[in-house]
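Look for chain A in each of the two complexes below; its partner is chain B in the first and chain C in the second.
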Partner chain A sequence: MVDTFRDVFGDPGLTIQDTTTAADVEAWDSLTHIDLIVALERRFRIKFTTGEVTNLRNVGDLVSLIKNKTR
Partner chain B sequence: MNYLSVQFALFLTAAVLGYYLVPRRARPLWLLLASYGFYILSNPLAAAGIFTATVFTFWMGRLVESRQKRELGRNLGCGAMALTVTVLLAYLGFYKIAPLFGPVFAGNSSGLERMAAAATQNVIIPLGISYYSFKLISYVVDVYWRKIPAERNFIAFAAYVAFFPQIVAGPIQRAGDFLEQVHNLNPSIALARSGLQRLLLGCFKKVVVADNLALIVGMAYPDSFSPHLSTLAAFYIFPLQLFADFSALTDIAIGVGRLFGVDGPENFNEPYLATSISQYWRRWHMTLTLWLTDYVFMPLRMATRAAGNWGLAFSLMVNMLLIGLWHSVSWTFAVFGLLHGVFLVVDALSAKTRSRFFKTHPQWDRAANCFGPVLTFHLAALAMVFVRAATMPEAFDFLSRLNAPGFQASGILEQDTLRGLVGLAVWFLWSAIEKWQWTIPARVPVWGRWAFYYLVIASIVHYGHNAEGFIYFKF
Partner chain C sequence: MATQLDYFQLIKKSRKVDFSACGETFRLALLGDTATQQLAALLIVLFAEHGIRLEVFDGPFDAIELQVHDANSDLFRFAPDAIVILNSVQALRMRYYRRPGSGTEFLDQEMRRIAGIWDLIRERTSAPVIQSTFALPIERIFGNFDHKVADSLYAVVTALNLQIAEAARTRAQILLNDVEAIASHVGRRHWFDNRFWNMYKTFCALEHLPLVAQNIVDVVLSIRGRTVKCVVLDLDNTLWGGVIGDDGVNGIQLSAHGDGESFYEFQSFLREIQRRGILLAVCSKNNLENALKPFLEHPEMVLRRDDIAVFTANWENKADNIRRIRETLNIGFDSMVFLDDNPFERNLVRTLLPGVIVPELPEEPADYIRAIAELNLFETSSFSAEDTQRTELYRQRAAREETQSSFASVEEYLQSLETEILVTRFDTRRITRIAQLFQRSNQFNLTTNRRSQAECEELMRDPGYYPIYAELRDRLGDHGLISIVIAQHQEQELFLTDWLMSCRVLTRGVEQHLMNHIVEFAAGRGYRWIAGEYRPTAKNSMVKNFYAQFGFEAESDGSQGSIRWRLDVSAYRPATVFMRSVEAGGAVGETA
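Presenting the complex of A and B:
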């Protein structure tokens, strides 16, 4: 998952935690957020809904959502 | 009711006194009564519209939530949400579009069409419909997305929709943020004091800065004979006037809200220091941009994500066109939106290339940080020509005079313009002092603080030029 973040945001040294939010990553805005969602959908072979995508508060929420979908 | 009127000052004084005199439990009800009082005094015929829309959305919110909780009723929840959004959009769209049909019907001779012309020409747009309909839409979608629970207290919900400091021109506060505050109303002296400071700043920005600068802009726009330099001055000064005018409205809205213990969201964050057009939109009219991002751009972008960059470009163009048409359904605002759409598409599609280039060329990165705000300001100012011009020919006439060579000027060194520019400098200094946390109450002795406030009030009285209503009142 970290690799996907690094690839989407173009930062090979990026580190993320459960508490990381869009405000902590310079390139993470509403445009790149969808790039991230598409990359994660391909990586884990899942589909997100708009409601799920707009409800995320931090990386922890995203991890929980992916875990639920891949269970 | 104009915010800068004796009538509003008396209304506000009575509303604040009543708020602090009634028992704490009754304060939400007082807020609601004061908000409807303001609404009825300003636009009595439209009060039924806001009340009906509030009752409808309140019950639909409850229905959406109850269906969402049942596994088999989810489709019904989705349908109830979609129906609510459609009804609210039709209600907003009718008032935005109906006045356009008056002249169309008026040209026809049949009795039915003459009646239609009379009906559509006499449509009065309900006060604040652009703002409260957006509040209602986001509420029901947030309930559907389970971001917030459906509100149980009708008084608190109706106070949210009609909250009088925000009804005229926003900011568009989200239901979750507002209702949490209203359920725990506990206004502090510090919050009320900061509210009064914002109110004073708003009045100063409106009458000393915006309305003095409006004079030179007004000379250049409808006048086809305005000389080149005066037109050039208007090109640069209108963005400053609009920023002062609109952010003054936000200051007054936030300031008045704080007197009632409700903190509203900010609408501006130094937009003309933005280094790119995408950053500009994250700093200008922020509550509208965030609203459209959440409820238009994101659903559109999710639906078109398989289409890659084409989907991105389409979503951005639709989003920006809607921002333009939200202001007014007209060709000038459509062009304003589409221009920004094109700027944003270019910005988004070149973002990765620029980022890679600047990482390998740090010296150019520093240059871009200086050059970026200049370019962004010029792009924003160009699009604003279509905000200020009343018609497309007027906008093109203005742009052609901008290109015509010449050194003649008139009005640039008028006293009103200079007062406006000095006021602008005082406002920027005031903001810088607050930003650097040299907060006036904390560091300056009491006598110095009050001397400053009296100086601001005196400048409002002596140098103010309250000739025009707020630009954003009409949206």
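Presenting the complex of A and C:
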């Protein structure tokens, strides 16, 4: 998943933790957020619902969500 | 060739665009009732690939009317070169659901709103407006019967698209971004992304957004004149099945029905392209004679020899031939498309002439048209009668040039033109054109009298004058009225007050023919002398010694450098001219 983040944000050296939020990553704005969702969906072959996306607070939530959907 | 239109690749590229190869700028405003930031990013990348640095005004979300109503809005202060208006059917649907009256009343309101926005824009700028059409909704609440119910959303959107198109036909400023065409091409079931519309108000599934961007790029490039002007065609297995050199006219496949139907259809398609104003050229590896045979003899040949502006058939490499075609047509390589079934030839041209557009053609000829259609090569932002005549105009010009190079002497060439000249007194039919020539003629004009139409009419009726004009026509075209001479009856002499001629017809015998005519007239009236005058201006030095060639003698340098000339009629030797005199009523007409 880190690869996808790095790819979407154009930062090969990016590191993320469970507590990372959009506020912590300069390139993560409302525009790139959409790209991130689409990229993750593609990468993991899943689809997020509207509710799932809007309830995300940080990267940790995202990781749990993806884990659930790919089980 | 066309970029890979992958959304992710393009968005990635949009983060670091290299503008160093961009030779021009374009200012594009984006107004939409949909999210437009992703579109803006895609546009910047795609334009850069065409050497254009795009400056985008990305309008605030759903603020089309606000921006357009305010004369001092950010939109107008941005001074756009073009304004893109992106209307989504998703937003329209929401307005439809809340419609106060019937569906058809809603339709009228929507069209009035759209036209109102165009009119407001037109008041403030002449920048082209690129208006989107609406993708048709996926739901049909009456099924196929929707079309029979004018109030249904489906019927309303269909009608709205048609009304937009019809309104655009009478407004040159309005160009179309046919979103419905793209959505239909992709397939409506793949086009929409409802989740993303709900969350982010994105226009369509993001993977297809590059197609919308590319569509806009195509329209803007055509505004900038970057259009295809010529399609260069191979012959064997491109315009017909088989090889003409081996199979002969009877062996190639080309027929309205049966084996050769794909090629028949392909030729028909190409003829439409030609009629639309794009030149066709042939570049074939064949003997010229063989290459021409189907054009001249095959009963099902759709393209005629006349449809081809430049016909090249030889055994040299195609890159060199295309270079020559380009030079002959005087256009850029990047306005040329090369179609050849042979991958070897396609790659050769792609490699040696990287500007030329060389589409990949599928193995199956029945799919040629579709492969070409995908590339949307023939975008334009205008169309006029002149376009439909382009091949004919080009062929007239080319024929003149061809003829010139194959004649040993000028005389032979002049002879071959079969020129006809009409010399006659001023008449009401031509009086306007006569007056025009008096106003416009600067270089080949002996006395530069600017005679008004009223004056010309007076001269026409005055028995003291012999005012004549000449019209010219030859094998290659009609030149219209090209020379005027006015002779005035004076006691001792016939005085030439005016002599002017169009520079288009220099050195082909017109002035000699007219002088023959004038001298004959003078002799017939018993004149001993003919006199003329040269009055110098900044532009007519070419005719300073005009009269000398006919044996006139310079009498005196008059006031301000003018020269008076006089001819002894009995000393005149008529000049040989290579043209035939025709009588009035011989239908020699006027050129544009």
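Please note the rule applied: the second predicted complex is superposed on the first by the 71 of 71 C-alpha atoms of A that agree within 3 Å, B and C clash if a C-alpha of one lies under 4 Å from a C-alpha of the other, contacts with A are read in each partner's own complex, and residues count from 1 in each chain.
Definition applied: a residue touches a chain if its C-beta (ideal position, glycine included) is under 8 Å from a C-beta of that chain, and two chains touch if they have at least 3 such contacts.
Owing to the predicted nature of the structure, the values given are computational and were not obtained by experimental measurement.
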Just to be sure I read the superposition right, which of the two partners does A:A39 touch: chain B = first, chain C = second, or both, or neither? second
In the superposed arrangement, which partner chain does A:L31 touch: chain B (first), chain C (second), both, or neither? both
If we overlay the two complexes on their shared chain A, which of chain B and chain C does A:T70 touch? Say first, second, both or neither. neither
Taking the superposition as given, does A:G51 touch the first partner, chain B, the second, chain C, both, or neither? first
Doubly contacted residues of chain A, that is, touched by chain B and again by chain C: 10, 30-31, 34, 38, 49-50, 53-54
Where on chain A does chain C make contact in their complex? 7, 10, 30-31, 34-35, 38-39, 47, 49-50, 53-54
Along chain B, where are the residues that touch chain A in the complex? 144-147, 278, 282, 293-294, 297-299, 301-303, 305, 312, 348, 351-352, 355-356
Please name which positions on chain A make contact with chain B in the complex. 10, 27, 29-31, 34, 37-38, 48-51, 53-55
Which part of chain C faces chain A closely enough to touch in the complex? 7-8, 11-12, 15-16, 37-38, 41, 195-196, 198-200, 202, 206
